[in-house]
Amino acid sequence: MIPEMMNAIVKTQKERGAEYKQVPVPKIEPDEALVKIHAAAICGTDIHVYQWNAWAAANMEKAYSGLPRIMGHEFSGELVAVGSAVTNAKVGDRHMCKTGDSYNCQNIRRFKNGIYAEYAVVPAAALVKLPDTMSYDVASVMEPFSVATHGAGMVRMVGDTVAVVGAGPIGLFTVKIARAMGAARIFVADISEFRLDLAKTAGADIVINSSQTDVVQEIKQMTGGLGCGTVFETSGNAAAVKQAFQFLRKCGAMIMTGLPSQPIVLDASDDIVWKAAKVFGVHGREIFTSWEISKGLLGSGRVTVDDMLTHRFKFSEFKTAFELAEAGLTGKVILHPDALAQ
Amino acid sequence: MIPEMMNAIVKTQKERGAEYKQVPVPKIEPDEALVKIHAAAICGTDIHVYQWNAWAAANMEKAYSGLPRIMGHEFSGELVAVGSAVTNAKVGDRHMCKTGDSYNCQNIRRFKNGIYAEYAVVPAAALVKLPDTMSYDVASVMEPFSVATHGAGMVRMVGDTVAVVGAGPIGLFTVKIARAMGAARIFVADISEFRLDLAKTAGADIVINSSQTDVVQEIKQMTGGLGCGTVFETSGNAAAVKQAFQFLRKCGAMIMTGLPSQPIVLDASDDIVWKAAKVFGVHGREIFTSWEISKGLLGSGRVTVDDMLTHRFKFSEFKTAFELAEAGLTGKVILHPDALAQ
Amino acid sequence: MIPEMMNAIVKTQKERGAEYKQVPVPKIEPDEALVKIHAAAICGTDIHVYQWNAWAAANMEKAYSGLPRIMGHEFSGELVAVGSAVTNAKVGDRHMCKTGDSYNCQNIRRFKNGIYAEYAVVPAAALVKLPDTMSYDVASVMEPFSVATHGAGMVRMVGDTVAVVGAGPIGLFTVKIARAMGAARIFVADISEFRLDLAKTAGADIVINSSQTDVVQEIKQMTGGLGCGTVFETSGNAAAVKQAFQFLRKCGAMIMTGLPSQPIVLDASDDIVWKAAKVFGVHGREIFTSWEISKGLLGSGRVTVDDMLTHRFKFSEFKTAFELAEAGLTGKVILHPDALAQ
Amino acid sequence: MIPEMMNAIVKTQKERGAEYKQVPVPKIEPDEALVKIHAAAICGTDIHVYQWNAWAAANMEKAYSGLPRIMGHEFSGELVAVGSAVTNAKVGDRHMCKTGDSYNCQNIRRFKNGIYAEYAVVPAAALVKLPDTMSYDVASVMEPFSVATHGAGMVRMVGDTVAVVGAGPIGLFTVKIARAMGAARIFVADISEFRLDLAKTAGADIVINSSQTDVVQEIKQMTGGLGCGTVFETSGNAAAVKQAFQFLRKCGAMIMTGLPSQPIVLDASDDIVWKAAKVFGVHGREIFTSWEISKGLLGSGRVTVDDMLTHRFKFSEFKTAFELAEAGLTGKVILHPDALAQ
């Protein structure tokens, strides 16, 4: 029933791109499970790996034994085999993955390989059973959704004015969560009109194209000169980070999720000390708490994310998928094994 | 322009009831303001005073010099005179009151008299300017709304299961706020069908008539045996309090706003220690924080309370108003000076 | 090297007492370790079991398959064998136990048997390696010390007035920790002069014999009528709990660690709601955080507990040990295997 | 009894230095009090003003109407006159000042003039009565001590490893408070041997001269490569700030009290986001909470600061005082009116 070979998207060269090719279906150890992948999502780090930019080169070398390697780490699927020591899951269960493969965490056991494939091996400890009502597509984005939940969990936003810098998937999920947590007014800044439109769909009150407008002045003017009580920086863009500190309100909270790709010059005196700012670096998620909150929000229907899953492609169409995502013309992109795609 | 005499609802006797009668318009001290009342609301403590029950007898004696005394403490209005030392307000401003007259707080200067009257004197320090977009009726309930905000501020409800015991005004506002703060599922228990219907309007998912149903069993069954992560006890009913602890989840938070009128026998071993429960007595509000949150929620339209203001009466119709409220047949009841009522 | 038989203190009958007798040395499963016990401590629950009071009868039945059973759950020792699947520990390591066997926790795997014995089997996951500088005696009380740390972690005591009700081991450790966390003034109430003297040694500023003095009046008088900002209730005595709420300051925090053996009648209106009290039931400990704090405090020498370990007995002297502890004439009592006792 | 003229240290020119000269004793408004100064302290901002460096030029212009102006803002004294509207203080009371004159806060009413003078006018609202047991000298440093308390209040240090960067008065007070709050191990870095010696007196475990030693390597090595869980940056030195982030532990907290005088280049990716750091800008203090904690700590004797008040001078000796302080050869310096100095 489980074939010998499968199709997968494989990073074979230290250069832009990847290959869609046949590889062997992997074997499981006693504490692992074999998942038949139903949905996989594209994350920002997957794009880095696809592009093979400086960050990917530096971090992939550190993290993994090398190429070739199957790409991808956000997924959901069905268990088709479990190891002899596995007690928390059984064949036939629908599952998603609790951890993602975060490329960098010290304590989490890394996936041996990626999951843009028809089958993937994961440690049983990383598996979470899907609620019956949750689709595979939604389940495949639970991990990044939980990163947004974790960041949002640093603050209380009820009744407050919030800004989200960057309208990529983490930013969009943050808008949804800020809305659910009672934010009074939500600003979103990005340079892609497509993403700003999505941000409106997600619940932003005011969207600002920061390539055309002076975001600092605009937000200050619309908040009576005060700025925003909470700012989520999800872009990682150095200029955007600097601006974000400027429209942060005195005593406000800055949650930094975006990974700045270059050093950032901060006027720490004005932007942090005088301002009595709180700055929270967010990396990863408190696995238990954030997942419980995410399941509560998505499972109860208080938050829906279907409208943020803007594009679906077959594995074999991965090049188009990555190029659209790179261009800022997508929300979250879902990939399906060709055999399961409709 | 300011008359010598005015109409007011006055508690004259230590017995059930009150009188609608003419009394002198009061004079202000240098740090006070005279407010032309536009809207006044009925609070649970006003009902106690109207009934002159044991609680009222005990507490009114402690708090005030005695009768006669004008009733009421929740209001909004327009300033018609300010004392010579007042710098934070001017004649013509629309105002509401930051503190209510809480009947019991040690540190807050008490109102000299009640506010169910055409004019009332208040300390200037207690005044808050109304946002232009907020009606006098909504403004008159900002104080109890902030009590609910303050109670809700003890916990995070995002993605969690919440129960509200008692669907009086504080309970109904709590439902609204829990909804705004991302509660995944909200249970409400009360014995009045009228109020349970209102709770549904406010956003409750499941309402339970505790006079007909075993609430503990019902909630446990609907939460997979776990109970609720957060329980708001707003009824003050001894039996209801006991039940509330029983459907509180292990490690959950109990927020007690209702004033139990009799001693409560708790199984502290099972209900608090073994359960690792957190219990928060809520009395009053952190004035600054809660008001800012309340203004953010109501001012931005994230929460509306108009649908909870179910009845409006003229001052002269106060008996009907109090009797309906006593019977559990109202949400929040607003009183208007006869001359201003439409 | 590991013998077939060993000496142990065994509960054999559902009545007061226990037997010191020979039993087989237990065998380990692949994920377990065999510990050569060096030190074991007497906990309040051990005394319940020794007495076989109502609590013991009710809870031991629920928790365990029945008698005979070796007593005890707080210990330290040296690993003499580890199962084939154990990766976090090796033979020769000095270890203590992270969890105790709390008699009641739902999620923690229970010890198969007690540890008042020359050897004991424990799940490898529950083992913590001893810092080189920590003695076996101190290590054997890390578990109850961490319960105290966990309770203290509910509040900030720096600069505040603190009361500890009950000067048993948890109360005494709490005094030590409150001192370390900057409490300005510490009151301790108990009915044993022996324990009150120990409380002074631990760092209490004022000790009160509540069998001779009106504790409520005394503490109120010495705090300018305000009461204490933080109260730790470790006695579980119903009358003491009631008093504790009375000398809790408005807006103060009550941490309840003691297990009330009977229902407690609280005036929830005055003691919790009007008082805006925070009440924290403490059961167990956040294993990671509390242990890290405890290791930091004891490992750095900021807190020492040797002076609270007032009595040491051989296993074979267990009757004397239990009787002294029952009588309130001890701090923490340590038991040693006869062969290792000096 | 109150003279017409008094001696004061006056900033008369926009250049280094000040003058000791006769000026009129100021008059009070109805809500003010006249204080006979008994002790005054030198703060870092006073040194900036004395030097008339770029910061002073920029900030003094913004904050005040101009020169001449009496210097100083930290003081204690005795009330010799109170305005007609003052109800919280009376002549003869010993007082200290709750706010300092923070040179920059938006909401606090500024002192009309400085307090290095025999008499000073302060708003009655800013006065705090001295505990009977507190000396004028200690009282004069309550304001900076509370800044340290406020910064320390951002975190829990019990059982944790702490670093304090900069051993000026705020740094030294922070060491005292960290010790009182249960820090397991305290590192202090500075470039002045005099101050590092003081830091040892204050309770530091390990002091590091960062002009001679690689602080980052040293601290990492002594913490098993982990770094410190809490770092207090009180120096404001750009290079020191950068180092401070490097020896901050993953998930640690950085409290920034020092005012960086130049922009700081942070590697936000590594130092904040990947590290999941929490950064707290500290400016001013939560007036009520921090003062209560400070009074609790100093009033109870848990913390003493006399040993940090290393130098005392007469007002007329101010040049020597400022020059020693500038050179890093002092702890906190106290100035006394010549007539009251012994």
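Each chain carries a letter (A, B, C and D) given by its place in the written order, and its residues are counted from 1.
Just so it is clear, a residue touches a chain if its C-beta (ideal position, glycine included) is under 8 Å from a C-beta of that chain, and two chains touch if they have at least 3 such contacts.
Since the structure is predicted, the reported quantities are computational estimates derived from the model, not experimental observations.
Both chain A and chain B are touched by no common chain.
Chain C and chain D have CA centres that are 42 Å apart. Shared interface positions of chain D, i.e. residues touching 2 or more other chains, are not present. Taken as a contact graph, the chains are arranged in a single closed ring, with each chain touching exactly two others.
Note for the complex: chain C touches chain B at residues 104, 106, 236, 241, 250, 256-261, 263-269, 271-284. Of all residues in chain C, those touching chain D in their complex are 149, 152-153, 156, 158-161, 177, 180-185, 292-297, 299-300, 302-303.
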